[in-house]
Amino acid sequence: MTSEMAMILALVLPLVAAGLSFVIRSAPNVRDACSLAVGVALLGVVISLVPTVMDGGRPEIVLFEIFEGLPIAFRLEPLGMLFLLVVATLWVITTCYAIGYMRGHHEVNQSRFFGCFGLAIFASAGAALAGNMLTLFFFYELLTLSTYPLVTHHQNEKAKRGGRIYLGILISTSIAMLLLAVIWTYVIAGTLDFREGGILAGKAEGPMVIVLLALYAFGTGKAALMPFHRWLPAAMVAPTPVSALLHAVAVVKVGVFTVLKVVIYIFGIGFLTDTKASVWLMWAAATTILLGSLVAMTKDNLKERLAYSTVSQLGYIVLGAALASQWGIIGSGMHIAMHAVGKITLFFAAGAIYVAAHKTQVSQLRGIGRSMPFTMTAYSLGAISVIGLPPFGGAWSKWYLALGAAEAGQAILVGVLMVSSLLNIWYLMPITMNAFFVPPDEGPAYPPIKEAPLFCVVPLCLTALGSLALFFCAEPIYRLLLPLVPGAGGGG
Amino acid sequence: MSEALGLYNYWIVIFLMMTGLYLVISTGNLVRKVVGLNIFQASVLLLYVTMGRVDGATAPIFVEGRETYTDPLPSVLMLTAIVVGVATTAVALALTVRINEAYGTIEEDEINEQEHAQELAG
Amino acid sequence: MFQQTVDILVLGLLAATALAVVRMRTLIGAAMLMGIYSFLSASWMLILDAPDVAFTEAAVGAGVSTIFVLATLSITTIRAKRQTKFQFAPLAVVVLTGAVLIYGTLDMPHFGDPEAPVHRVGNRYIKRVPEEFKIPNAVTAVLGSYRGFDTFGETTVVLTAGLGVLCLLRKRREDEPKVVTE
Amino acid sequence: MSEHLAVLPVLLPLLAAPICFLLRNRIAAMGTAIAVCWVTFVAGVVLLRTVVTTGAPAIYELGGWSADVGIVYHVDTLAAFVVVLVSSLGAVVLTFAPQSIAKEIPKEKHHFFAALYLLSMAGLLGIAVTGDLFNVFVFLEISSLSTYALISLGQDRRALTATFRYLILGTVGATFILIGTGLMYQMTGTLNMAEMAAHIRETEGVRTVLVAIAFLTAGIGLKMALFPLHAWLPNAYCYAPSSVTAFVAATSTKVSVYVLIRWIYTIFGTQGPGSMSGVVVDLVLPAMAISGMFIASTVAIFQTNVKRLLAFSSVAQIGYMALGVSLVSESGLTAGIAHLFNHALTKGGLFLAMGCIAYRIGSVQLADMRGLGRRMPVTMFLWVLGGLGLIGVPCTAGFVSKWYLVRAALEQDALYLAVIILLSSLLAVIYVWRVIETAYFQEPPEGKDEVTEAPLSLLIPTAVLIGASIYFGLFTEWSADVAGLAARELLGVVR
């Protein structure tokens, strides 16, 4: 199988899964088995692509031109490879989890749910593989639209309100700012291809660069840079598997992925460093990191707290992009993977608690670790990874980010990263403490074990172990990302 | 002054057109609107025919010994315009008849009142 | 000079009739005045040496249109409501439009100017019709041949209007659903 | 055959119309009309192909008289494009019509409907292909008169008053055009548009021509419902029979925009010495367009009748076309021309979907559409796709035109204009989502349990238009690319 064929398969398989979900709606077992099978197949295909990229291969596919010189095109490069790998792996796990969750919860419209889910994965894969900004924009919008039915899955008043904020912010920012930035770039540069070293160098200058970067950074609403972050907590009305995969991994990561791609391939790292156009973005990101953490501390609803935590963590990635330095970029890229695995564990745990104990608030979780030991242990591992302590994956990415900030001579930013880690501990760890060391509010002090269905628990344990494993195998990820920063070979 | 001598009839024609147009937009009676429209259109005919005039010429019917004739083209165009005008009038009047059946009036304000009531009801 | 006097006389009459139509309160009166207006304009066209249009206007404009209006009045109502208050907006619109038009006339070739550019195509007809047709009337030749397609279009307009009127006035059968008022 | 290609699309429906009327049998009449429409469409496509591949306009001298004395059809890429637009939309909508009008129009008027529909289409096609300014007026009247009659066929009595208002404003507009035509004729001595363009260079700064431009623009502005001259449109669209609304919305205003483009670019010229349309293009048109984009969209948000909501949306969309035309650049003009076609597909499809809904629930009020997402899933899904097209989401045709429009604004360094265009398109999100939320998030009203999906004969034409609007959002060879070609021709850029 050539790499090009594998890329096409990576795009087609999620679509197949979506189609199957709609077609086989009358036989849920068959439908879910198919989803799972397709997911595994996708993972296989994606893994088969890794060696090519590692060896410096950059397979390309050009489909058809929409505008003159602007085709729908795909091109595999390290960042997209990493993102695709994360999405594919977690999709399989989430599908297991979703089967358990949706059934344990007797949700309606499961076929539509799985169908739209497949579509959302298709959009994420498309974004990961996009070979130019137009293609990326197409899949970015498709992702917004395909997740809207998932966010509003319950079709009640609350879902409608959440959906309004979700769609309102994501569509408005993308149309009013991102699209403007894209077309503007095209007018200036005459192309939208992702090229090493960027396409804007020498074409744009002065304040225009700053304005353009701002349009990209804020226009990518999915990156949840404050003040355009409100959609993310609003999206928490969705069923938990959606929050887990889409709003901790796929959707938000497409956002920061877009920002990273723009910084690396549209502006070019060297160009940004020379013009210092991204300095303000560092501070915007730092503000988001701190404010996100602070707001998270005030939230009692577990999923909302996690959502604000995500807002804050996305700030890390944007910060790394804004640093536009070797370590910043590598730290950012790595954080996409590390945070994804850690955060999805936390969401899985939140969903498992909801399915098994019907609890949603942090204050209700006292003593829950005694009845749900597996879930809460996994939660704790995920939390430590998100905080960034060894021996978990999150430690590496935060380390590189801090290194990047130090390299850029921004001592204050290093301080921000430290403070933020402390805040993370503050709002994530008390949940563990209360769950294990405080007796429940009601009932016996040591209730019998009552875990969520196996389909829920196994995936969350897997992802928790995954974040542990990532600490020990960060080296391949590092090697994968290294080509992103030209001239960094010797600096490692 | 020489301006005025050469152009006065255009100005009167403009006055005529505007009188017709005024009737169309000022009156609330549907039939009077149609009458106004007719005057408006009939005055445009005069505008064209005035253009076709050539001093010292006769109607474009060829006879031996004459060299100058008036321009035939404006006449041709206006023959078409007359028919178009009448056709429009006919359709407008047929509509007026139907509106009178449906509303019992051909006054715009009374029709608006009824429509407003209908809007509130449904 | 005589020509100019007649011109001004007829145009004055036209203006007076137009104003009378605006002021006329009874609908039948307005219809009659409309007929008179068409008739007067037909006579002015005759003065301007455009007999073909003049005859058509007298027959169709003054005759058929007036009959249509009168027929309509006979099946609807002959009374028009008195306009209660003076409206400023229509007058403003009309004065503005008229002013623009008058501004536009300032660069026009003068009335009757044989050198005016307007006669560019007209002169081609005057030259070609006697050569290419046996008909002495240039208007007929242009209408029937050079611009025959306009005439064909004109026929279609009549057909369209006829269909429209028939369609509008066709009586509904008893068993048909009545007009829906939601 | 091939030399008559230019005249065929006009003559076919024109000659078939009286036949349809004389057939009297409603099935025979509608069948004939549908067949003729599709043949016309094929002829239109062949015509467009011919014009594009030969690279030269198709010229047809009616009655054998050359342009200096007779009337000539002059079919360049733009004209052929509009012919395809009108004939394709006409054919699809008419295919939808038989079942739809069975519920909305008394049976004994069906042959009238067929004949008037063909006449209306012939009129619009005639406007597109003719090279003679007065001939435009004549065909404009053919299409207008038949459209009046068609709209008056609406069930609600308000259809009659809406028609009357349209007739008055439409006739005033047409008479303005007639006056403008007269003034142009007076200063250039010809009615042939190409010859007029040649002579207009001699009239630089002549006040009469300036006034002629003003009158022509105002007249066609009324016809194309350019804000604030749109007063006739909302009620006319709202109360006309479903299929008539779809046809008129998709074609009639678009052809008026075409006429405006034709005048501005072919006759008046836009650059160099003798550019006469300066004020109109630089100031009046963009001002009207932008205010329409915002005000009409805002008004649309507050409508309770979905057909009227879509009607106001049309007024706003006309603004986008006018803005594109006024930018006087290749991408601006491409945006305007492409949006003619793209919006025709989208809006036509949406109005057909409203026809499906009216067919099943007998109402187009937003309140009656509650819970429709579950009862008529396919129709509502198509509606949603169409709505996304109005917003201009990627993969829809609306996105393609928006892209060109924003690009044109940025190419002229008019960042503010680009922002305005994008912000105004966000208003569409609001009114589209109002309908979506009502259809999907609210419980259906009591006693409407029997509502089921619309019959296939209605769904298929709707799906064809909506599907086409998606298709042309991705594959632009026959929409935006041809529009770009037409734009280059109009701007005089050598191919």
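Order as written gives the chain letters A, B, C and D; numbering starts at 1 within each chain.
What we mean here is this: contacts are C-beta pairs under 8 Å (C-beta built on N, C-alpha and C of every residue); 3 or more make two chains touch, one makes a residue touch a chain.
Because the structure is predicted, anything quoted here is derived from the model rather than measured.
**Student:** Whose C-alpha centre lies nearest the centre of all protein C-alpha atoms?
**Tutor:** Of all chains shown, the one whose C-alpha centre lies nearest the global C-alpha mean is D.
**Student:** Counting C-beta pairs in contact, does A-D beat C-D or the other way around?
**Tutor:** C-D
**Student:** Could you put a whole-Å number on the gap between the CA centroids of chain A and chain D?
**Tutor:** So the centroids are 44 Å from each other.
**Student:** Measuring centre to centre with CA averages, how many angstrom lie between chain A and chain C?
**Tutor:** Roughly 72 Å separates the two chain centres.
**Student:** Please tell me the distance, in whole Å, between the geometric centres of chain C and chain D computed from their C-alpha atoms.
**Tutor:** Here chain C and chain D have centroids separated by 29 Å.
**Student:** Can you check how far apart chain A and chain B are, centre to centre, with Cα atoms defining each centre and the answer in Å?
**Tutor:** Spacing between the chain centres: roughly 69 Å.
**Student:** Could you list the positions in chain A whose residues touch two or more of the other chains?
**Tutor:** In chain A, no residue touches two or more other chains.
**Student:** Which chain B residues touch at least two other chains?
**Tutor:** 17, 21, 51, 73, 77, 80, 84, 87-88, 91, 95-96, 98, 102, 118, 122
**Student:** Provide the list of chain D residues touching at least two other chains, using ranges where the numbers run on.
**Tutor:** Correct list: 134, 138, 141, 145, 148-149, 152, 157, 179, 185-186, 191.
**Student:** What pairs of chains are touching here?
**Tutor:** Pairs satisfying the touch definition: A-D, B-C, B-D, C-D.
**Student:** Can you list the residues on chain D that touch chain C in the complex?
**Tutor:** Going by the criterion above, the answer is residues 14, 17-18, 21, 62-63, 65, 68-71, 106, 108-109, 112, 115-116, 119, 122, 126, 134-135, 138-139, 141-142, 145-146, 148-149, 152-153, 155-157, 179, 183, 185-191, 199, 206-212, 214-215, 363.
**Student:** For the complex, which residues does chain D have touching chain B?
**Tutor:** Residues 134, 137-138, 141, 145, 148-149, 152, 157-158, 160-161, 163-164, 167-168, 171-172, 175, 178-179, 182, 185-186, 191, 365 of chain D touch chain B in their complex.
**Student:** Which of the residues in chain C come into contact with chain B in the complex?
**Tutor:** Its residues touching chain B are 7-8, 11, 14-15, 18-19, 21-22, 27, 30-31, 34, 37-38, 41, 44-45, 48-53, 56-57, 60-61, 64-65, 68-69, 71-73, 75-77, 80-81, 83, 87, 90-91, 93-95, 97-98, 101-102, 105-106, 108, 110-114, 116, 118-119, 121-123, 125-126, 129-130, 136-139, 141-143, 147, 150-151, 153-154, 157-158, 160-162, 164-165, 168-169, 179, 181-182.
**Student:** Quick check: in the complex, which residue numbers of chain B touch chain D?
**Tutor:** 17, 21, 24, 30, 33, 37, 40-41, 44, 47-48, 51, 73, 77, 80-81, 84, 87-88, 91-92, 95-96, 98-99, 102-103, 111, 115, 118, 122
**Student:** Okay, in this complex, where on chain D does chain A touch?
**Tutor:** 388, 391-395, 400, 402-403, 406-407, 410-411, 415, 418-419, 422-423, 425-426, 429, 433, 437, 440-441, 474-476, 480-481, 484
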